[in-house]
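Read through the structure below, which is laid out as structure tokens, and then see the notes.
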Amino acid sequence: MIRTSISEAAIDAAALLAEVTTDATGATALFLGTVRELNDGRAVTGIEYSAYTTMATEELQRIAEEAALRFDGLRIAVEHRVGTLALRDISVAIAVAHARRAPVLETSRFIIEALKQRVPIWKRERYTDGDLRWVDPTTQAVDTATP
Amino acid sequence: MIRTSISEAAIDAAALLAEVTTDATGATALFLGTVRELNDGRAVTGIEYSAYTTMATEELQRIAEEAALRFDGLRIAVEHRVGTLALRDISVAIAVAHARRAPVLETSRFIIEALKQRVPIWKRERYTDGDLRWVDPTTQAVDTATP
Amino acid sequence: MNQLQVLLFASYAEAFGASTVTVAVPESATVADVVGALRRLPGGHILPAVPLVAVDRRYTPGLVAVHSGQEIALIPPVAGG
Amino acid sequence: MNQLQVLLFASYAEAFGASTVTVAVPESATVADVVGALRRLPGGHILPAVPLVAVDRRYTPGLVAVHSGQEIALIPPVAGG
């Protein structure tokens, strides 16, 4: 079972847990990314996530399908949120279940690492002083115009 | 922050997530062990978990403290349930949060592996035919008297 | 020459001042030729040496030929998660 | 000789038919000596070559000396999680 989505809807972590856990699974892993207050020492008030939605949707699904090839019987649900998020809001949730724990832990990590490398999603951090900055994990943050 | 417990109380996964996530954390991992219907091909109806409770409580806390030494700023909550559990019941929940994902993923795995090796907890599976069997991960299951 | 539309996002859309730009490239153009044409537009100086390009929503290397009718997108460094 | 109480759990408690047994060992006895004494009791044949022992709630190797007043426990293969 695989379900992935890119959506503006708030992510319900408990619902993802319930979705992947069955009588046949013995281990479930949930990974959550949340908006945190400090990045590079600057106070963040929120993050605007945007995406190349059609490609991001397809690429996220491809990642989950690649992950599912590595172990039989995996159950995978992944949601990435876009739009304006506040502190502590969940930006991404990856739920994985399987009979055994090793496939669960390895798959959870595989998906978050691949997602961060490949899914065309961008984020712009908003700081307490009103400044906005695109986050570029490949270098330092890139300055952008203040609105 | 570290909190660990061995208890007969049902485990509330959402409460553990909320407990470790703060404005300063950007990644949260939750690992759940749940009772599954099949083990070694036999249909399980439930599991009785028992513990050397005083030592299990101390050993689980020691594991969490060892894990916390590996990264600054970890937030860790671990609960292991004992008593009679039914299918899908959560036997163990490990919640870890940190600013970054790598410490979260590594700590979650460290704790579940150490817990399985060191914490004096035992389980006896109950099968659909009424048979009971102590689970011995070091060999095959050990037959025990049928009640 | 082919007129190709290229989708832009995030910091690239901001740098070029548009979410779509059109470039003129030869019939036999490759992904790298499209990037070269983009680099000569106003804002194109911000592109890294080898920017990511997606053709029909898949990452595509520079040597691959592009055709009109394909969905071509320039992908800034991704930052999901 | 010392009379030492040893806590038993799970499959070991079942094999020995008790959750506590008392063994008599010399004053200078080690963890391994306690295990040897347990092995000679009814049910002791099920013990593996080197069973886990906890002294005062910590795993303790065979060469360590034990004293009356300590909490000694024989630990079956653990199966938590």
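Order as written gives the chain letters A, B, C and D; numbering starts at 1 within each chain.
We adopt the following convention: a contact is a pair of C-beta atoms (placed from the backbone, for glycine too) under 8 Å apart; a residue touches a chain by one contact, two chains touch by 3 or more.
Small disclaimer: the values here were computed from a predicted structure and weren't measured.
Fewest steps needed to get from chain B to chain C, stepping only to touching chains, is 2.
Per-chain Cα centroids separate chain C from chain D by 72 Å.
The mean-CA centres of chain B and chain D are about 26 angstrom from one another, to the nearest whole unit. Per-chain Cα centroids separate chain A from chain D by 49 Å. Shared contact sites, meaning residues of chain B that touch two or more other chains, fall at 33, 101, 112. The set of chain C residues that touch two or more partner chains comprises 81. By the definition of touch given earlier, these chain pairs are in contact: A-B, A-C, B-D.
Across the interface of their complex, chain C is touched by residues 33, 49-52, 54-56, 58-59, 80, 91-92, 112, 115-124, 134-139, 142, 144-145 of chain A.
By the touch rule above, chain C contacts chain A in their complex via residues 7, 9-11, 14, 54, 57-59, 73, 75-81. Every residue of chain A that touches chain B in the complex is listed here, in rising order: 13-14, 17, 21-38, 87-88, 99, 101, 104-105, 108-109, 112.
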